[in-house]
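The first chain written gets the first letter, and so on, giving A, B and C; residue counts start at 1 in each chain.
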Amino acid sequence: MKNEQKRKDRGRIGEFTIETILRFFAGISILTTIAIVWTLFSETIIFFKEVSITEFFTGTKWTPTLEPRHFGILPLFVGTMMIAIGASIIALPFGLGSAIYLSEYAPKRVRKIIKPLLEILAGIPSIVYGFFALTFITPILQKFLPQTQVFNAASASIAVGIMIIPMVASLSEDAMMAIPDSIRQGAYALGSTKFEVATKVIVPAALSGIGSAFVLAVSRAIGETMIVAIAAGQSPVLTFNPLKSIQTMTGFMVNISLGDIQHGTIEYKTVFAVGAMLFVITFVMNIIAKMIVNRYREEY
Amino acid sequence: MEIKIKVENLTFYYGNFKALDNISIDIEDRKITALIGPSGCGKSTFIRTLNRMNDLIAGTKVEGTILLDGKDIMKNEIDAVELRKRVGLVFQKPNPFPKSIYENVVYGPKRHGIKNKAQLDEIVEKSLQGAALWDEVKDKLHGSALALSGGQQQRLCIARCLAMQPEVLLMDEPTSALDPIATMKIEELFETLKKNYAIVIVTHSMQQAGRISDNTGFFLNGELVEFGQTDILFTKPRDKRTEDYITGRFG
Amino acid sequence: MEVRTEQNIYKQKKSRNIRIRKAKNIIFYSIILGATGFGILVLGLLLYQILKTGLAWLSIDFIMNMPSRFPQKAGIKSALAGSIWVISLTALFSFPLGVGTALYLEEYSQKGTWLNKLLQLNISNLAGVPSIVYGMLGLAVFVKMLQFERSILSGALTLTLLILPVIIVASQEAIRSVPETLKQGSFALGVTKWQTITGVVLPYALPGILTGSILAISRAMGEAAPLIMVGAAGYVAFLPSSPLDSFTVLPIQIFNWTSRPQEEFKNIAAAGIIVLMALLLFANGAAVMLRNKYQNRMD
């Protein structure tokens, strides 16, 4: 009896210990968020003690490492947006087209082949896309548009676009597959063609899911680093010409980190200020994507 | 007459919904107690309070006392985990683990610290014999439990309980997912099991209650309307509602 | 009478209307088939381009040599060793943390409470944070604050935080798929919660957990940006011997070579990509095989 009691007590203590450990594990994700916000913003606050906020957000020159130093982030921001827009032009139609095909048209057997292929495309490291942009896409662009520079926004944005096609495709497909079959059958029973069912019934019904997929994909494009570091160039100049060399926010962060940056220098703080801005932009976009999806849930 | 479980003034809530209202009942040892009533009347909820399975559902509340051999199981005199070992539960749908037959039976004993291979083998044989399954599966003990028929799976689940050497067996509509022949086999099994255990069985079939049980309780809307010896309850019900139910006027 | 006129309207319009609508359908079908084909075509082109550029440069020497200023002599030995170090440690840290968090969320923490909601929201937000931001976190916390310096350990911890949300979400899905009846069957035998988790929940969920985790870890294997932030070097001519050594990894070595102007370095970059992709293919193949093996055992 005594032994039994002991075993039980030990068992209870064991259960309690395990739960405590697991709770601690779960807490690590909260700590991660706190640490991200804290590290980015504590350095950024110090950064803004040395650089005026107005200059940072409205200045058109970005030369944080060269005298005379300028800290206008607009060239980087415009560079980032060019990549994001270019990538969207590629990824949205091709991703949505693939999603409609897979969800509404493709026979089961074809789906079974195409889906893993798209997964492979999604699993390719971004460094490989960067290599592809530089050694394959850029030469093609140069052939048709001879004024294209070796490093240019267009080539990088095409590669980023290709990289996020699978993301747009699979999230949009999920949204379309979530629509009950009864709705499709209702439309077919009225004599609709597949085209009409897909474009007039399914896509509108899945619109918020598709919209959220787009927002998430664009957010991903904004945060993409290695492709732009390889193929887009390192020229933080304010330009809207996609065939010219540019620099994005992420490209700047990588570029400066390749050198040995010392803690406490203005370069170090600049990286964190740019990183904080990148974090805020992607965070807001992710929240927007979630809000779109939540609205869509309520409709069902 | 020896009382195994004495329930006094048991009231049970799911959130604000009162699922059981002031139930008092005596479960006799080595007898079969059947609980009947229309679906949603609280009979399943009731037997799940007897081994505190309802603890696993959030937002429930229990009042009253449940005495197992005179000890209050609600007052932590008995640990819920320990209690479930002594009061086994067989579910409506057979739910063997996706493991071998052997592993299913030794699942509980192993986790209660029995490691000796010979001892485990003995438990497997005894439990499967106890559940009248041994002869059918003794040559494929290491085959998957999911390959068995529904009736065999349910008897395996009974064997899994027996392996814990329980004192009480709770059965929650144990044959409702089975065909008549499998049902008959399990009913025959009850006859032998009751020599060693107190059995409480929830059933949707009055015929089954009449065939196998010694005592029967009739539940309606969370209330225990009537409780007594099966033959008396079925022939001379005291309550009008019981009479209506067993004569098939509702439910 | 009226009904009949209406029927006539449709009859007259019928043949033309249906022909146009069917034509539209076929055109649309061609367009989306082309859209789907585009992705696959690009995949083919990409693989072709890399094999064409790099295959001839792939050799035993390439794998066994240290990096060099001369492309003919350069190899990926130190990068390969660095990648293996970093990925092993990342797997070691992230798997228990991810599965543990998923277990806490699914089996311990109550659904609908503010804590559970906060954790879920937080994890899905972390999944959307760009990988380079994790690099900054690693730089500030692991490299500087905890003074692990620019080491394998700093890199592995950074990648652990990066892939943790992916492992958690995949594990949660796998754990959620365990039938409630099985868990109840275990509890009804007087078995404790943790014993139920190790006895029923984890064995049942393991294929899903493993597949998700291996995919996440193989994603970490291709990451360069966060490791550049924590200071993985571009040129390392020695093999790391402890988690506190400095290091480089395959993607960074490839990046380094790609960024050089000489054509030959593009060739060895491609050869490096072939090795990296072969490793990823191997990892993914292992994930699929593990899944199949366990699924067979369960049935």
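One rule holds for everything that comes next: contacts are C-beta pairs under 8 Å (C-beta built on N, C-alpha and C of every residue); 3 or more make two chains touch, one makes a residue touch a chain.
For reference, the UniProt names are A = Phosphate transport system permease protein; B = Phosphate import ATP-binding protein PstB 3; C = Phosphate transport system permease protein PstA.
From a predicted model like this one, the values you see are computed outputs, not experimental measurements.
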{"item": "Most widely separated chain from chain B, with each centre as the mean of CA atoms", "value": "A"}
{"item": "Chain nearest the overall C-alpha centroid of the shown protein atoms", "value": "C"}
{"item": "Centroid spacing, where centroids are CA-atom means, of chain B and chain C in whole angstrom", "value": "47"}
{"item": "Inter-chain centre distance, chain A versus chain C - centres from mean C-alpha coordinates, in Å", "value": "14"}
{"item": "Chain A and chain B: spacing of chain centres that average the CA atoms, whole Å", "value": "54"}
{"item": "Sites on chain A at which at least two other chains make contact", "value": "11"}
{"item": "Touching two or more other chains - residue numbers and ranges from chain B", "value": "81-82"}
{"item": "Contacts with 2+ other chains: residues of chain C", "value": "192"}
{"item": "Residues on chain B engaged by chain C in the complex (per definition of touch)", "value": "51, 53, 56, 58, 81-86, 88-89, 91, 93, 95-99, 107-108, 111-112, 144, 146, 157, 160-161, 164"}
{"item": "Complex contact set, residues of chain C against chain A", "value": "21-22, 24-25, 28-29, 31-36, 38-40, 42-43, 45-46, 49-50, 53, 96-97, 100-101, 103-105, 108-109, 118-119, 122-126, 128-137, 139-141, 144, 161, 164-165, 168, 192-194, 215, 218-219, 221-225, 228-229, 231, 234, 251, 254-255, 258-259, 266, 269-270, 273, 276-277, 280, 284"}
{"item": "Chain B partner contacts - residues on chain C that touch it in the complex", "value": "110, 179, 181-182, 184-192, 195, 199-200, 203-204, 298-299"}
{"item": "Residues of chain A that touch chain C when the two form their complex", "value": "11, 14-15, 18-19, 21-23, 25-26, 28-30, 32-33, 35-36, 39-40, 43, 93-94, 96-98, 100-102, 105-106, 114, 117-118, 120-121, 123-132, 134-136, 162, 165-166, 169, 193-196, 198-199, 216, 219-220, 222-226, 229-230, 250, 253-254, 257-258, 263, 271-272, 275, 278-279, 282-283, 285-287, 289-290"}
